[in-house]
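Pasting the structures here.
Both complexes below contain chain A, partnered by chain B and then by chain C.
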Partner chain A sequence: MAMPLIRKPFRFRRRSKLFRMSRFEKVVVFLLVLFSAFMLLPLVYIFNHAFKPYEELFVYPPTIWARNPSFQNFVELFQMTSDSVVPVTRYIFNSLSVAVLSVIAVTGVSALCAYPLSKHKFPGDKLVFATIMLTLLFAPETVSIPRYLVVSHLGIMNTYWGHILPMVAVPVGVFLMKQFIDQIPNELLESARLDGAREIMVFLRIVVPVILPAVATIGIISFQSAWGNTETSTLFMQDEQMKTFPFFISTLTTNMANNVARQGAAAAAALFMFIPNLIIFLVFQSKVIATMAHSGIK
Partner chain B sequence: MNGWIRMKNRMSQRYEGIFLILPWIIGFLLFVSFPLLYSLYMSFHNVRITGTGILHEYVGTKYYNNILFQDGGVFYDQLLPFLRQVLFMIPIIVIFSFMISIMLNQKFLGRGLFRAVFFLPVIFSSGNVIERFLSQGRGQLGFLEQFSISTALTQYLPASWSTPIVSVLNSFVLILWYSGVQILLFLAGRQTISASVYEAARIDGANPWEMFWKITLPAMMPFVLLNTIYTVVDLFTFPGNPIIASVNPTQYGPTSALIWVYFLIILLFMGLVMLLLGRAVRVTTQTR
Partner chain C sequence: MSESSAQILKNNDAHSGMAVRTRGKASELLREMWRSRLSYLFIAPFMLCFIVFIMIPVVCAFALSFMSYNSLEPPRFISWSNFRYMISEDLLFLQYALPNTFKFAVIAGPCGYVASFLLAWLITILPGRSRKWFALAMYSPSLMGGVAMTIVWLPLLSGDRIGYLNSFMLEWGFISDPVLWVTSKEHLMTSMIVVTLWSSMGIGFLAMMAGILNVNPELYEAGRLDGIKSRLEEIWYITVPSMKPQMLFGAVMAIVGTFKAGSIGTELSGMNPTPQYAGHLIMNQIDDYGFIRFELGYASALSVFLLLLMYLSNKFCWGLFGSKGDE
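And then the complex of A and B:
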């Protein structure tokens, strides 16, 4: 008989708490919707800009939605690309292979470097990390001339190495990954070692899965920086066959004396440039979001 | 035999780290540290590229002198407002992304979608997308002018401070776009706090407010430091910032000098952040 008496106030309190939570949730969802509208704005803009006919491209104030969407820009872009000396597919092939290879190289090399920095004591590890922190602060623009010298002395001009190697040693990747690996408890690694796992196994089977969010983030960032990179094509590639798609696009639009001409093609090209980024983002982001919750850390 | 194995183990333990690190170190030495040292060298020289090779002519600290004392126009007029703006933007970005990540950690319908949307700016931030967008005046908030907030600010504050504040408010949307990686890092950091800690606190009668200050915030302090550093780096090396924009690749010597002065300033800034936040992190992790 006593049971319902006790249970009743308890249930009441639980319900009120539930109600409060849902109200809080409503506020949260409202705010998030509001902010995410801003977040999506550039995306909507890029897509619409590519479909705007010429008279809308230069409207001031600029509009976000295209009023009379047309494929005119794409037709123009297609015509321009079809009469280039090197077939445009060659540029796209170069770009794609460079981007994919540098994503693999950057994430692999950064993770390989970050793991011992975080979990092993070896002579000079503090020094290495301090150097990484310092070089984080340099903008990549500062070192383009000496880099040119290095690339020319290594003899990797006009090769894919010239595209990839200068991009590999990025301090940001190592920095981010080290911070993630710092969060892995030593006991986890130690128990794997006790079970007889070799160092490389510990790295591949435990460290990499746990820091997958960081790996995926670096993957996304390095993909888009490699994909959009015109610097290596300008500086290190004299052979037209070895240049990349973004470089080709930039020559289409910047060499024109008249700034108005080809703006439509530029808008269409911007969309083309953006779509691989979006695809890579969509592929990797689920890995990013599936965070450390299920990774066995805590 | 046994001792030999142990020794071999210790040796490999000691040097295994170096082997794993080696590929990165080589790339780093070739493509980062050598170029940096070379640019330091160039900043003291008049560099000319001729048909036969590169000529270096020692000029001492002439370029540094020019930048800092004689022709300070570029430097002080552009850098100081930028520094003030950064000073505002960093805390705003960090706090904002912290709040968003806490919100995104709640359970609600469509959470995965929202997480993806808030991470989306990562793919805008480095490209020319944002620049194109901003140059067309799309990043600004209309209400600042409408409710005359900006005029009020300019009235009550000295111009040297009110302009950066107004421009920060104006670029609020930009702040949203800068915080993609930060939100992600906070979200990942939040997941490292185990649910059982919250459960225990709830059983002890803590309310969400207390739990935030006593559990979430202390546990997140390392990530706050990480994100602050990331934000500083991100803002200072963004291609659109005034110093990077004034880099002139044809004048090797003066440009290198400018970059090194800029670097020292960022270093100072970073040192300050590390000093302040690093202490906070140490205190909170010790009390835990």
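And then the complex of A and C:
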């Protein structure tokens, strides 16, 4: 009785084949395609912008397609990175390791916290959840000074801990995963416990597979925020070796006498910054959809 | 360790029994806490980071709202003065920030929420392989941040004759003079709401899409036997009730998103503050006091007020979707 329950949520919806759509739905889908094309314009622009020569970069209104694509911007970026004090590979290494570690930490820690909040009763559970919800609402702008003091007292300035630890607690992550765990029927967990499964096994074998869509979603946003994060580099890292790639890119165009110089390199760098986000989104999102498709085809 | 699972079962029994027995005994509470030590172990890693990096700073900010602090001199306690100033003397706040935020949130919040849900639903009726590309298209404003703004909306809404919208409407004779879409006080708010709607398919959208895909398909078959005829009825009677947790999540994220919006007005109009404060939101007021005037105490008081607003609208959403269906 228990196991079929868990399979059901992942079954592919067979009724949703294109040929079973009514005419109204076909019209709607057509409009959706047009709308998506409009939404995707900026994405096309980012790719093209990086290949535009200087005379096209400043055209107003901005053009979507590059007329004379060239690699000039990438050459400029490469030249600039080769004469920076710290090799650019160090920045990229820092960024990648920080992003990967924080995705793992954020998703793992949020899932671990969401499970008891949803399915156990313990003294203070309501209070913990209410506090998490309240901080979710709090505007982050006003907390940067106290946060700086906390980090400097902990002595994690200029370490990878300083990059990762402030990003680990994501209230949104716990909230989303708790919402997904709420949907798991209690009987399923009870029966696993009666079969002698330890609590950690119940968590790993039953809870985690069901909330994979939530894990992937949180993975996407935490990668995005960690990969694009310049805040920790500016505030908590004085050592140039410990700073991250987006911070390096933000230094390319600031402190320049005019704002024309290096715009080409900045356009190329923007593409480099964007591509990992795009890849992570597509991989994680298709994981969400694929899990459901697979278990349905059997 | 298999006893730990049994303990949790016992724990549940003990919990319900506790109401009957005399309450408030400290030793009873301690024993209770010891029995659920495993639960505490699960939440410990998150709670440690949470308390250190979020809770402490938030409590500090909360305390600051009762102080006068300019980030140079030590904070001075002034009790309710900040709040008194806010609701009686701060004209910018009372005349512009508060009504603008209400107008913005009441329109952009619910509309963005409904749009996210409908688009998520539309994507799920498409064949499996194309879904992620549509999801990418909808999510792309959140993925790209400011770039999209500068290349799509600024040229489109530009106030001169070259702006795409103006030149289109001039050509077709809808208007005789170019309209200042983003630099006049009549149209700025509308433009802000439209652009916000366009970028409102964020994490709430992804969550709702996953939620819709998670709905048990047998429910639809059962529903058809029970006489559900149209897709709309299906959404109303089956899809929404069986994904209440995700609907609630989407609603809360919509509230947070609209109340925390602030930069959009200055980005669109290219001016700070926005023309005649037409797009001045509470968030702008906070940034103004926090980063320009360095009156951090008052900025904190404003954030506490904003928190209160969000809390109240949050309560409303829990009322709509909060009941746990299967318990």
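The rule is short, and it goes like this: the second predicted complex is superposed on the first by the 263 of 298 C-alpha atoms of A that agree within 3 Å, B and C clash if a C-alpha of one lies under 4 Å from a C-alpha of the other, contacts with A are read in each partner's own complex, and residues count from 1 in each chain.
By our rule, contacts are C-beta pairs under 8 Å (C-beta built on N, C-alpha and C of every residue); 3 or more make two chains touch, one makes a residue touch a chain.
Predicted model only: the values in this text are computed from it and were never measured.
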Joint occupancy of chain A by chain B and chain C, clash or fit: clash
Partner chain(s) touched by A:N186 [first = chain B, second = chain C, both, neither]: second
First, second, both or neither for A:L34, with chain B first and chain C second: neither
Touching partner for A:V85 - first (chain B), second (chain C), both, neither: neither
First, second, both or neither for A:V109, with chain B first and chain C second: both
Chain B versus chain C as contact partner of A:S225, first or second or both or neither: first
Chain B versus chain C as contact partner of A:L127, first or second or both or neither: neither
Overlap of the chain B and chain C footprints on chain A, listed as residue numbers: 25, 28-29, 32, 35-36, 39-43, 45-46, 61-62, 64, 109-110, 112-113, 115-117, 120-123, 125, 128, 131, 133-139, 141-147, 150, 154, 165-166, 168-169, 171-172, 174-176, 179-180, 182-183, 199, 203, 213-214, 217, 220-221, 224, 228, 270, 274, 277-278, 281-282, 285-286, 288-289, 292-293
Partner chain C, residues of chain A touching it in the complex: 8-18, 21, 25, 28-29, 32, 35-37, 39-43, 45-46, 60-62, 64, 108-110, 112-113, 115-117, 120-123, 125, 128, 131-139, 141-147, 150-151, 154, 165-166, 168-169, 171-172, 174-176, 179-180, 182-183, 185-186, 190, 193, 196-199, 202-203, 213-214, 216-217, 220-221, 224, 228, 270, 274, 277-278, 281-282, 285-286, 288-289, 292-293
Residues of chain C that touch chain A when the two form their complex: 1-2, 4-6, 8-9, 11-12, 15, 29, 32-33, 36, 38-40, 42-43, 45-47, 49-50, 52-58, 60-61, 64, 71, 119, 122-128, 131-141, 143-145, 147-148, 150-152, 155, 158, 162, 164, 198, 203, 206-207, 210, 213-218, 220, 231, 245-246, 248-249, 252-253, 255-256, 259-260, 283, 286-287, 290-291, 296, 299-300, 303, 306-307, 310-311, 314, 324, 326-327
Chain B residues within the chain A interface of the complex: 13-18, 20-21, 23-25, 27-28, 30-36, 38-39, 42, 100, 103-104, 106, 108-109, 112, 114-124, 126-130, 132-133, 136-138, 173, 176-177, 181, 184-185, 187-189, 191-194, 222-223, 226, 229-230, 233, 236-237, 239, 244, 247, 249, 252, 255-256, 259, 263, 266-267, 270
Footprint of chain B on chain A - complex, ascending: 24-25, 28-29, 31-32, 35-36, 38-43, 45-46, 61-62, 64, 109-110, 112-113, 115-117, 120-123, 125, 128, 131, 133-147, 149-150, 154, 165-166, 168-169, 171-172, 174-176, 179-180, 182-183, 199, 203, 213-214, 217, 220-221, 224-225, 228, 270, 273-274, 277-278, 280-282, 285-286, 288-289, 291-293, 297-298
